[in-house]
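Input: one structure, supplied below.
Should a chain be cited, it is by its letter among A, B, C, D, E and F, assigned in written order, with residues numbered from 1 in that chain.
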Amino acid sequence: MNRTPVADLTDGQQIDQVFRAADKQLRVNRQGGKYILMRLSDKSGVIAAMMWNVDETMFESFQRGGYVHCHGRTQIHNGALQLIVTDIESIDESEVDVDDFERFDANESDRLMTRLGEILRGLRNAPLRQLAEVYLADENFVARFKKAAAAVSNHHAFPGGLLRHTVDMMELCQLVGPRYPQLDADLLTFGAFLHDLGKIEELSCDGEISYTDRGQLVGHIVIGVQMLGEKIADFEKNGEAFPAELRLHLEHMVVSHHGQIEFGSPKLPVMLESVTLHHIDNLDAKLWSYTAAIQTDVSGDGNWTNYTPSIGRKLWKKQS
Amino acid sequence: MNRTPVADLTDGQQIDQVFRAADKQLRVNRQGGKYILMRLSDKSGVIAAMMWNVDETMFESFQRGGYVHCHGRTQIHNGALQLIVTDIESIDESEVDVDDFERFDANESDRLMTRLGEILRGLRNAPLRQLAEVYLADENFVARFKKAAAAVSNHHAFPGGLLRHTVDMMELCQLVGPRYPQLDADLLTFGAFLHDLGKIEELSCDGEISYTDRGQLVGHIVIGVQMLGEKIADFEKNGEAFPAELRLHLEHMVVSHHGQIEFGSPKLPVMLESVTLHHIDNLDAKLWSYTAAIQTDVSGDGNWTNYTPSIGRKLWKKQS
Amino acid sequence: MNRTPVADLTDGQQIDQVFRAADKQLRVNRQGGKYILMRLSDKSGVIAAMMWNVDETMFESFQRGGYVHCHGRTQIHNGALQLIVTDIESIDESEVDVDDFERFDANESDRLMTRLGEILRGLRNAPLRQLAEVYLADENFVARFKKAAAAVSNHHAFPGGLLRHTVDMMELCQLVGPRYPQLDADLLTFGAFLHDLGKIEELSCDGEISYTDRGQLVGHIVIGVQMLGEKIADFEKNGEAFPAELRLHLEHMVVSHHGQIEFGSPKLPVMLESVTLHHIDNLDAKLWSYTAAIQTDVSGDGNWTNYTPSIGRKLWKKQS
Amino acid sequence: MNRTPVADLTDGQQIDQVFRAADKQLRVNRQGGKYILMRLSDKSGVIAAMMWNVDETMFESFQRGGYVHCHGRTQIHNGALQLIVTDIESIDESEVDVDDFERFDANESDRLMTRLGEILRGLRNAPLRQLAEVYLADENFVARFKKAAAAVSNHHAFPGGLLRHTVDMMELCQLVGPRYPQLDADLLTFGAFLHDLGKIEELSCDGEISYTDRGQLVGHIVIGVQMLGEKIADFEKNGEAFPAELRLHLEHMVVSHHGQIEFGSPKLPVMLESVTLHHIDNLDAKLWSYTAAIQTDVSGDGNWTNYTPSIGRKLWKKQS
Amino acid sequence: MNRTPVADLTDGQQIDQVFRAADKQLRVNRQGGKYILMRLSDKSGVIAAMMWNVDETMFESFQRGGYVHCHGRTQIHNGALQLIVTDIESIDESEVDVDDFERFDANESDRLMTRLGEILRGLRNAPLRQLAEVYLADENFVARFKKAAAAVSNHHAFPGGLLRHTVDMMELCQLVGPRYPQLDADLLTFGAFLHDLGKIEELSCDGEISYTDRGQLVGHIVIGVQMLGEKIADFEKNGEAFPAELRLHLEHMVVSHHGQIEFGSPKLPVMLESVTLHHIDNLDAKLWSYTAAIQTDVSGDGNWTNYTPSIGRKLWKKQS
Amino acid sequence: MNRTPVADLTDGQQIDQVFRAADKQLRVNRQGGKYILMRLSDKSGVIAAMMWNVDETMFESFQRGGYVHCHGRTQIHNGALQLIVTDIESIDESEVDVDDFERFDANESDRLMTRLGEILRGLRNAPLRQLAEVYLADENFVARFKKAAAAVSNHHAFPGGLLRHTVDMMELCQLVGPRYPQLDADLLTFGAFLHDLGKIEELSCDGEISYTDRGQLVGHIVIGVQMLGEKIADFEKNGEAFPAELRLHLEHMVVSHHGQIEFGSPKLPVMLESVTLHHIDNLDAKLWSYTAAIQTDVSGDGNWTNYTPSIGRKLWKKQS
């Protein structure tokens, strides 16, 4: 089946092909009429789509994150292309060419996971090294970590983004830590490994990245501490106790890494390592999101991006 | 041994009796001289004390929270009575009349714990009732809960204060919950029970109330979630799974009860019950601390307390 | 005349029937063309309507809050139904079936007013009881109180909402007050009665709820104090002076009930009763608005409402 | 009786003379001992004084703001002179030379009140002119206005300060108003007259300036609106109604003059005149308090004052 | 060529005439299609315009701020008139009647510049008078000052607005300064002259007012200090040194005039003159922008403007 | 002359030796008596000192930062040692052994300056390399840079601290820059060199570190831009223009390095390099001040420092 990538769709085009249903909502007018508002995607992009006059059976007939065969027609509305769907049918993953839809770069994640393992296994602190092995031996954890995103819409908001952010931070810790003799570089690096792991449970990457119930009710900081508790329990199954104070330090690295109470850390960083971790997290996240704002900017003004509300400024984008 | 209660000490009095060492700090002048700054207490009050020209051996010779026999002399400094200690010796609890020193009201805590049990056992939600039994069956938990404080210096800052605050809130929940049919009153009441339990580990009540290492590094909100996890694990040991969604709701009640991110809750309340819990917590805590500010006020102005910085205002104290 | 309720209107329908003109604005394009933007309502709902190419005579020919007979046609714009009016004519209330338009539940308001009277007459404080009688004897006040709203768009934003909010708070005060012996429960309950009465003058309920000039220039807190002054003057007409200190306390309850300066109270609560009143107000208002956000949510996601900007979060809406 | 002015007292001096008791507090040590902390003043200054080992009868034997004959001795404590009182006796105003104690400049207040009357009688708006006459005909009002302070410790914190601030602002309004044709200069000037009149009731100038109960419970903004209501009632006693909209505007000028909600105005300024009034108030108050900070500064650094916490900065004080 | 002014354009009109290209952006759909979004202006107003399916050559074929001959058709979209351009061609200024396009009032600017010169030459401080001559002798400076705007979208956002704001403030300084003997009125007035001169370089008035690169990277406060440095260097070329302390004072007036750190002043005002300058700036800017909000308001509600987000309120607009 | 180092002084010691007058203030009691409050220092520490009953001649007889021979006696006041001076005499530097007083480590500053030169000369960007040579060729600049402090009381508050902070940041830039290919590492590193150079003029290191008039009136950010302007003028003296855009970028690095408006940067960072510079500055400054808080902490609690108000927390200080 020969399909047109989303990025190549144009106005007034008849559509008869497969998309991924990245998001779907059943909307109701005050007048009682129902329609489905969808976001249909493939690897090349995403397009808003509407299907009018539907009922709940129709809405339930396909899954968020699943594949759908659509008939309809594109149109331009307010200067943006959208798709009016007249017919939609759920189809099985086996019937689609998954390469058309997958934005996740498995090779890159494999490479990063290998690098992450090297760093962790190179730590001098034995309990941390052994605890790392507990994490790395958990295949389900590793598989989910590889595909996790670091955010819904902020920095590293793509499948694999959490791993990328984590490894970049660990590498920075390896550079910065030794510059300050007062820092325990192993604790710092292990903190970078741990700090956002709760996002594996906080965010769902099926379809569009979105919060899970657990993510919204409990949040990745507390989840990360819970996950650490499970891994330490596994560690201790072979009879050796994990050092109690080190456990508090690891929990503290996770709990305080947002740096300030008003950014969602229930405790301020009170160790030199947690202070440093917060700043390195901040630097890597800001650089990623600002770079992305520059790369995706479409304004015609050669030197400056459009004003980006989430950043509160325009950015200089001209190549020197 | 006939001792003078702290509240009855006067200026220029020779001292030769036992105190409790509520707090002790080894201080160092820039000139290198060391002295001990202590707070010595009995049931009737607390007095600041200094011992000059000491060494670390002296400082280590008695414990914070332990009993000490002191020689010295009182004096007034800046209008406040203090004690200059010339000799100090640690003595065993067996040698003192504990009744002279204990502010904790065991009978009141027993009464409150009984009331707490009644309320929990009266819930209609079976898993919550059974989970309550797991908590109540843990004798160590019950014993520590009875003596725990709710704060170092804010509301309910005394041994037994956490239990008092918890039961008062649960009773309010029993009154307010049924007024709003949209609320799950059982979840609300159980949330009141759980919300501050992490303070049992966050605060130490030996000597003066103070933060534990775990309290400062991790904080009572995360500790409370960890404790809940242990109790649910106990619950599930007899083979029955605790309802997964209910667990998230309980965790959420703990995580969000400060009501706003900048007050230390890593997630905002997003359930009607967690919103209500936050407001009831706020009401009970504010009323307690404002009432205490009025009761302890020593200003001679009949209608108004002195300005209380932690409250940001003077309070009307005249009895109508 | 057989009219279609607003809630049953559909796309492309010819309209020839009566509406209530809930709101009207004369808008001017930069190009100088004028049009009327209206909100037309009946009991079942409200619909946006436009009438193009009008002059000021046309705009002045009907009243905000009055009844109008309209010709026109419905259409869907940006997914929402709207009405393009081609002809509009003011008609007298005598010509319409008021039952089609009235959202106000007079029976409920009668019931609540009776309850309010019971509570006030049950107070033990004689001057407060007598002052209550002055309010209740003012028929104009009672009539306007019954129909008043508590807000334009926040909590209890409907005719009768102020009374509902007031009685709910007074009932809470009756429950909470006796739990804290340090509180004067009568003062607390009377404060709940008084706290928002200024909204009777601050808001107009003709047509859509909106601010009066006095409401915008002076505000309900100051108006409430002014109203209290008038009622105390009436009280004193029979020769007895109202207790001076009690008057200050009542004024303070009104002035401080927003709880913080930045929320519009020119003075902080400095009495235990005013502190309590603020928290009870906050609890009832928040529960109402959060419940309304859940009830009116139209998102198709079973567990969560859409993000509500005024609340700053999504709410859990699944029934447990 | 030959007395030494407070400003001329030195260390180690025997005291046997009259002071004014500017402030008095009965303080209690935890040890139960009571002492009186006083501030004793005359025209030349104020000195802190303590009287040890007193009872409540002693404390009640003289009045705040009254005259007392004291025996005692001066001493330097922490580099400041204080007075240890051994005997104190209340004496009648008739027995003292009031000129030794009065900081209030009656001539200056008379001059300013005359100027204020000229400005008000020069307004072109007839109802405002007539309303001004109602205020000026109230002898009690005029007498209290002349002696009122504008603040406890901020700007214009002295008897007569309110009048000075008011007239200075009215003169500025006379200059600034005509520069902006869009302003109603009469409304602006009358707003300057009204804006702080509530302080006459908010602050007491007997002894040290302090808040009255009414001031703390209700605040000068609401009091000012209440006073305006009384004066308008007087105005209308001769049968003529005061213009309703103008009344709202005057109330609004008072209510909004702090300029922002968080500064204690329950409504924002929404008229050009109230916006202007706020800025002129701000300018005059800031200039007064900064000038006072420079004049009273005692630091030895020729160019800069000490850091002033209420202002958040050091000020340049060198004469150019 | 007979052209229709922008203010007189109506729906469905064929267009074949010249506009000024006030702004232009090249926009890209996700689908890769490019279009130009323009704002086309003449003296009478501005209209949004779109040209679909363009390439970069087309976009580069005319300049922002230049003149263009357009073919196309007007249409109403969301109630606002816009222009769909089908053909666009850059034309030279010599071919247009500049009077049709120029909003700048040269006569008014000449008048204001004369007045500014009078004030500066009337100062008693000789070095300030001489420094003023250096500025006024710089023809390029004078020419650019006359046409500069004071803001992009806030107060005085039009060519000539900076001069208007500057002279209005200087006149206020001449009135207010002498009212306060503690002020150096010359320094105050010269500060008003200097305070916003950096905006001449910060903003570009070609086409729509917009920030220059230097404006966005460095900002008018720092630019103003740089400009002052250049002028003082010119001053000193004839061998006389400018007084060093006075230079610091002038720099301080520029640096601190926003009044608070969070408003962009890197230093707080610490001189009475800089405090006063800030308040006068604030008053003039606020009055201008509030007056403009009233004058341009198009709501049909006689007493109130629409809510203006930048001001955070509705304004009373009824003429008393 | 055999002197006792400040760190070795004890209570009740007769003093007859030389100190450095780190700070001096002439204080005046309300009673008109004058005294000098001094801080006397040598390399080992600093001690507060008072001289009573002085006149201005005495105060002027020695210089802040100069050497003085003092007679007097030590005493303990409020637990801190102080010196009551009875006689003081200014003496010339030639008469003292400067080694007793100098905290500045000239060798370390030489080493750091060499390293700084290496880094700057290793940049690939030719104009930056040449501009660096202009700075390095200015001997006065180099000499003052070597001795400058980075703050009065915050991080790196010692002579030589600015150089230490600058070089540490440049080294971090050398490590971090290459990790992010989107960064211009040369611009980043040069920005680190420039960012705080204005502090050379903002702070005076004679005696105690303190602000200069220029520092308080203008501030180091603007001064840094002024210094850059002078160096670029020197650069251009040999006929070559410095690249205009690069100049704006350098100015922007200085102007924006505090990262947020409310921290004193008049412009936000809008380049990836300025964003990065801010984070690296923050990291190095925070680590330094937190490490210093740990090192200088004197509390006897083994795990935690005392609460440090400037940091808003206690810090974990136990060595793991």
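Convention: a residue touches a chain if its C-beta (ideal position, glycine included) is under 8 Å from a C-beta of that chain, and two chains touch if they have at least 3 such contacts.
Since the structure is predicted, the reported quantities are computational estimates derived from the model, not experimental observations.
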- Message: Spelling it out: a chain qualifies if it touches chain A and also touches chain E; which chains qualify?
- Response: C, F
- Note on the structure: Hop count on the shortest chain-contact route linking chain B and chain F comes to 1
- Matching the CA atoms of chain A with those of chain D requires turning by an angle in degrees, to the nearest 5, of 180
- Most remote chain, CA-based centroid, reference being chain F: C
- Message: Please tell me whether the contact surfaces of chain B and chain D are same or different in residue numbering, using the over-half criterion.
- Response: different
- Note: chain E sits from chain D at a C-alpha centroid distance in Å of 43
- Message: Measuring centre to centre with CA averages, how many angstrom lie between chain C and chain D?
- Response: 41
- Task: Give me the residues of chain F that touch two or more other chains.
- Result: 213, 216-217, 245, 249, 270-271, 314, 316
- Query: Given the complex with chain E, which residues does chain D contribute to the contact?
  - Reply: 168, 171-172, 175-176, 179-180, 182-184, 187, 245-246, 249, 268, 270-272, 275-276, 279-280, 282-283, 286-287, 290-291, 294, 312-316, 320
- Message: Using the touch definition from the top, list the residues of chain E that touch chain F in their complex.
- Response: 213-214, 216-219, 221-222, 225-226, 229, 245, 248-249, 251-252, 255, 261-267, 270-271
- Query: What does chain D use to touch chain F in their complex?
  - Reply: 7-10, 45, 47, 79-81, 298-301, 303-304, 314, 316
- Contacts from chain C onto chain E in the complex sit at residues 24-33, 35-36, 50, 59, 213, 216-217
